[in-house]
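Both complexes shown next keep subunit A, but they swap its partner, so subunit B is in the first and subunit C is in the second.
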Partner chain A sequence: MVKEKRILVACGTSIATSTVIADRIRNLCEKHNIPVKIIQCKVPEVRSLAEGMDLIVASTRIPSGINVPYVNGVSYLSGIGMENTDQEILRILKEE
Partner chain B sequence: MSIQSLSMTSDLILVSEEAVSRKELLNKLSRLLHSKGYVKSSFEEAVIQREDQYPTGLQTRITGVAIPHADSEHVEKSALAVATLKHPVQFRAMDNPDNIIDVNIVIMMAIKKSEDQVLMLQQLMGVLQNDAALKKILNATEAEAIHDTLKEVIFSN
Partner chain C sequence: MFSAVNEIVQFILGLGASVMLPIIIFIFGLILGQKPSRAFKSGVTIGVGFIGINLVIELLVNELGPAATAMVERVGLELRIIDVGWPAMASISWAWAAAALMFPIGLAINALMLATKTTKTLNVDLWNYWQFVFIGAAVNFVTGSLALGLIAGGLASALALVMADYTAPYVEKFYNMPGISFPHITALGYLPIAAPLNKLLDKIPGINKLYADPETIQKRFGVFGEPLIMGLLIGAILGIVAGFPLADITRIAISMAAVMYLMPRMVGILMEGLIPISESARELMQKKFGGRQLYIGLDAAVALGEPSVIAVGLLLVPITILLALILPGNQVLPFADLAVIPFLICLVVAFGRGNVIRSVILGTVIMALVLLIATNISDIQTALAVNAGVDFPEGATQIANLDRANFLTWVFIRVFGLFGK
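For the complex of A and B:
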């Protein structure tokens, strides 16, 4: 069985932008048959929640020194480069 | 759309606004919302503080757009206040505060229920990714035209 990937999605409030980004990732992973567990959080919580995650996607900058792959998810809001962001996320999730 | 009684009226839309700074613009839109009873007096300070902490500038394919907002506790009734700018005003980028974005359209969100923030944002993303709608808003010379364009995109989904 394929191991479930754990993704942390962060934004300022953990409500609005992270939900938009999380929805997009959920659909993307479904399409590519990658089982995922998505956790939404506020940016200041990223450090304490990062452990054990396979990927962090955020609409804002995240604190430095976190040892988990990070993808900038702002394209899902602005519409510029969404496909590139998709590819970047898939590449990281398909590693290992 | 199901956002409860969202107000987006032409009197909440400023066209070809001349603002010298981000703060001036945020003050103006906040006060407009406050003068019509949509937000509490605390909204203005909250929205400015939030913009400092978590900037909302977004570079779209057409132009720079900012979507300033504050927590729903500062809101009385849900509304959108919009400004298009004669000259761009600099906002910091949402994904990297070191990047400056020349913003020509500001859409200030005052949303009463936090669940609605998500819905509203999803609708707004539809606007930001709609090149034709953004161009129409950018080139509009009357509030009514901006109102109709936003309404078309937001409420048709």
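For the complex of A and C:
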């Protein structure tokens, strides 16, 4: 049993764009047999929720000084460069 | 033959939005070439999200309504209109009979404008088509003409593209996002007012010397960015001002925290159902126009991580509540859409080059107008909600929201309103 990865997905409202990003990551991890728990939040909440996360994916910048790997997920919204973002996320999740 | 088709259409419309939308989304999915199982699932998901949102609106109106009424009677504050928030208004908009037509119309207008080079923006943000749908539904309501509603919604989508082109250089420079633009009416709606005001501020000596550090403000005012706590606090304060007994104060506090917390989750469900449609449409449009140098039109949410935007958004929460109390003519009790303020001001902050003080000044003017416009169009929003099947309790509770109290949206509704009834 592989350890479940915890991913924080953040955007402006924790509603719209983060749902699109979360959906894509869920499918991606399913395909690669990585069990994940995805939590959606607003950007101002990132600081208080970051602890214990394996990865943060956001559609925006995130506050400075957070010690969790961060990937910008804007490509999942624009449709440009999605595969690169996929690879980046997989690399971080498989590293540990 | 025709009457049979008409009967089927009338039957489907009569089922209400929570059944009608899933059917329409299913058919759309098939047209866009999705597998039937996927299209079916996304349709049902949207229906579920719709029902979830209605449950939360009813909780909000049932709990907050009596408190607002008691407050009006007890201390004479005329804040009888409840701010139900944009998620509620989005789902209410989708209940418009012609809502789903906005997808093909909007996409066709976008394609046409790209082909004629009247825009460089490819709007892949289908979720925010609800804002054009809202304009369509509101214009339909005030004019009684469905056709005028569709025309207004279509024109609004075209205007959003043009304004997105115009503001794209700011998005590139200030947010460092080349190739992205925001055809998002929430963010664009007050620029016709904010842009000249911003120029005016330039003429006032010393204003650019004022500085406030975004990170400090974030730390100190962070509570205004936590919906759960905001809901709890506002609920408790309302209960106290309304003169409720302690048991009722605690109940309304928890209920309001629940509304703030649950609403986004319900909309998340609606959103999940829309993802397959929006992906298929994006792929289709990109295949057609992908070769050219274009702006990809996104939700302005992607800009909200900027520290100065967060700081201004937080500061404007208490300012907006204060404005609601003292602004003559305002009857709206700001609540659910306090979370939407960063969207309203994100481009304004970019215009003001990230200066917090200057943006707060502009933001205060904007929020005052938001409250007045929200009051002005609350009749329309309440009527649309009733049409969408939201149950209101006895007594005339009115609803509004801050997001759709948008200057451009208001202009569309009022100008088109001249042509009807």
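Here is the rule we use: the second predicted complex is superposed on the first by the 96 of 96 C-alpha atoms of A that agree within 3 Å, B and C clash if a C-alpha of one lies under 4 Å from a C-alpha of the other, contacts with A are read in each partner's own complex, and residues count from 1 in each chain.
In the analysis below, a contact is a pair of C-beta atoms (placed from the backbone, for glycine too) under 8 Å apart; a residue touches a chain by one contact, two chains touch by 3 or more.
All values reported here derive from a predicted model rather than from experimental measurement.
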Clash-or-fit label for the pair subunit B, subunit C on subunit A: clash
Touched partner set for A:79, first subunit B, second subunit C, both or neither: both
Contacts of A:44 with subunit B and subunit C, given as first, second, both or neither: second
Touching partner for A:19 - first (subunit B), second (subunit C), both, neither: both
Superposition-derived comparison: subunit B or subunit C, residues of subunit A touched: C
Touching partner for A:62 - first (subunit B), second (subunit C), both, neither: second
Subunit B collision site on subunit C, chosen from 6-14, 204-212, 240-248 or 294-302, when both complexes are overlaid on chain A: 294-302
Contact residues of subunit A, present in both the subunit B and the subunit C interface: 11-13, 15-17, 19-20, 23, 43, 58-61, 74, 77-80
Complex contact set, residues of subunit A against subunit C: 10-17, 19-20, 23, 40, 42-45, 58-64, 74, 77-80
For the subunit C and subunit A complex, residues of the former touching the latter: 87, 124-125, 127-128, 177, 179-180, 215, 218, 222, 225-227, 264, 267-268, 271-272, 275, 278, 282-283, 286, 296, 298-307, 310, 314, 339-340, 342-343
Of subunit B, residues touching subunit A in the complex: 50, 53-54, 58-61, 69, 71, 93-97, 114, 117-118, 120-122, 125, 128-129
List of subunit A residues in touch with subunit B within their complex: 11-13, 15-17, 19-20, 23, 43, 58-61, 72-74, 76-80
